[in-house]
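Order of writing sets the labels: A, B and C. Residues in every chain begin at 1.
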């Protein structure tokens, strides 16, 4: 790892440096496991006790903790230490990035003659790019990635290994799609007929806005008639299922294993916890926060935090309570009867 | 998009045309966003109000709505508008399909000499076909798809990009497996021994019937001793996990993110909502419908709709109710005591 | 299938043979569907009745069932029949394994000159191995597998088709990673800033111990600063999501569709049922068993079985009980009022 002066870090982050400006750090690390060449950060008051005991050479703290750093060799005071930490990692990653292969295509890639691949883009080994597809400036198409016919990958976007960008689907600029993502498989549409299922061909596509990140093996289905839409700045974690004709508003974030059924409309600036399920044809307004593993069965018209998860406990207690839960409606009636008898 | 006369559409669908036979449409779309060259449909009474305000050039309606279309330029009356819509999309897709590459194999595909690939099948770029594998007439093997040794892909079936069809597994005719599907990875079988796990080699395979569709990144494990079986006409959505030795009956459909544990037997004509979990070694009879996110912990011997999802609400209310739920069994006892005291 | 004498099987398993030593079997199968050339086993008392009616040529039983096999042509008595069955499948698989391709690399594989691939390893068609990567003796790199720069695959480990082993990640010896596994995609880390998300670059890696098995399409994210760690002997089923900086203790097993959020620490010898969700920053001690579909929202400091799943029932009953559940806290208060009134 390269070495850097904390004064340079501080300048980079726009913070105020306290202590030894010439101290050299060569690692970013958590307070607990830091050593004297580590730069660390305190972003949550919960970890304030670790600030006292850390051996970090430099800690990024908020103004509220300015008075608590005199025992450290150096500190950087920033208005928002967690944001400063994010930017520090970005700067670090840029500085330490392995040398990128030159623009152009690996000789093993299979690129259709009619595809329009910007000469500044990089197409890795064994990638496949179909007829009429377009790849923007500075884009990176990972090994085994498939860009189907007429699909578009925007400038400076990155497709990880074996991402599939389906026929006619578009991805905006500066997006990151991690390994195994599938954009534009058929939505799940069938009409029942005499006990069997008739396929409804999925004629829409998927449109992904700018600055979207999509986690490994996550799937976004193409629309039935119109497009499935992921607006700008959305962040999806791994193994998420987005059904056909869903619309996810700008800057909404979803943790892993979430499922969103067809035609649901999620607002902007929402968060959805891991494993939550959102049923189809619902609408969630902006600034709705759904707790992990919650099942959203109706539209949500008011911003706020919503939850619905069965509290876990030791199995023996759970069995008793769960069995009683099956009689809950009856218990209510018995309670009513008692109340009535008393009056 | 090509253009088509509504009279031709009506003939195609076997419906009764009302209004301007020569009207031209060039798009299928929902009632709300339709314009005068759009053909739309009314499949659910819930959207009847949209029929009044739509600007669609042509709407497919049921006989019950025949009297409500006089304001439209044209309409097609069909016994089952949703089915007609499905068939319309199929016809549309056939008409508008991009020209398919000729049968044969892309020069970059790696096909073992002992594989039996029908000359009318198409093998796309960088696909891999192993020893003794068979690919039927008219089948399509997508880019990066892998057909392992001795596996069989039936006539007119399609493997999307990077589908894996495991060793010795068989897929019937007219199936569609979307990108990232894994058929025939090892089932999850281990014997506990002195605090460690001994692998149980999975010696079965997977058999998939005719007319099955399987969604992106869904996994169907091979059986331990006998085969995992997906019967004809089954439709599985994305990111579903089917454990070893599961049997899914004909024409059953499952939405995204469902998990079915090993050796469960699901009947025919069942539906399973998104995110539901079905535990292992259970049996569900035919015509069972499991609601989304429901956890099936016992066999179901009677057809019907089954549910078990925690109702979500604002977080503050949920916290109170969930905390009380942990005392539910005790509450029942207190209620009993009160009832007893009264008598 | 090759044929084998039951006396040889018995010797192989270290069991005691009863009955016809020269009987030939050519198949391992369940008691119910066994015929006279099948070797079967009785591992659970639940299936004891099947022992009476089976037509198996040979059955592996525990000492407790030694007196119940006189009607069979042969039996093998082993202390732990399920373990014996596991070892039987291992032996069977070795005996019947298709001839492996010779060590070396398929000509279509793309291997960087700086990669260190042991000459006894096998690299299959269209695999990609990056700069400075290492592949140990006897390892198998499946078709389309990608080993990114500086990643390490240990001796005798197997990567299924299109597994991605991310940059700088390491996998120990004798591991099996099934098709579609993604090791080392970015963890889900963002800092909120003015209504948008700033990416936290994920600078850690993933370290997988020896004898680990990971199921199809499962994802293990790289750590933010330090590494995500899967200790030796862990078994993960399909479609599991392991967040950044999670640590999973040795010999823990998780069934399909589990999600473990970032920085959770799971102990050794734990089991987690299918579809369970474990929230972030929690700690589970050793020997914790989480039931299927349970949501773990707090740390667990005591070994044992923990559950929290909503009991399913017919939809009509569920609707009534679920509606009442929303009033549960109020019911408790009413019960208290009644109790108070009585005293």
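Operating definition for what follows: a contact is a pair of C-beta atoms (placed from the backbone, for glycine too) under 8 Å apart; a residue touches a chain by one contact, two chains touch by 3 or more.
Computed from a predicted structure; not experimentally measured.
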Study note, to complete from the structure: Fit chain B to chain C (C-alpha, same chain sequence): the rotation, rounded to steps of 5 degrees, is 120
Exercise for review: For the copies chain A and chain B, give the interface type as same if over half of its residue numbers appear on both sides, and as different if under half do.
Suggested key: different
Study note, to complete from the structure: Cα centre of chain A to Cα centre of chain B, whole Å, reads 26
**Study point:** Residues of chain B whose C-beta touches two or more other chains
**Key:** 108, 126, 144, 162, 180, 217, 239, 257, 275, 309-311, 313, 323, 325, 327-328, 331, 335, 338
Revision key, fill the gap. Within the complex, chain A is touched by chain C residues 108, 110, 126, 128, 131, 144, 146, 148-149, 162, 164, 166-167, 180, 182, 185-186, 188-193, 195-203, 217, 219, 221, 224-226, 239, 241, 243, 257, 259, 261, 275, 277, 279, 290-291, 294-297, 304-311, 313, 317, 320-321, 323-325, 327-328, 331, 334-335, 338, 341
Point to revise | chain B to chain A touching residues, read off their complex | key: 28-30, 33, 80, 82-83, 85-87, 89-90, 92-93, 98, 106, 108, 124-126, 143-144, 160-162, 176, 178-180, 211, 213, 215-217, 233, 235, 237-239, 251, 253, 255-257, 269, 274-275, 292-293, 309-315, 318-319, 322-323, 325-329, 331-332, 335, 338-339, 342
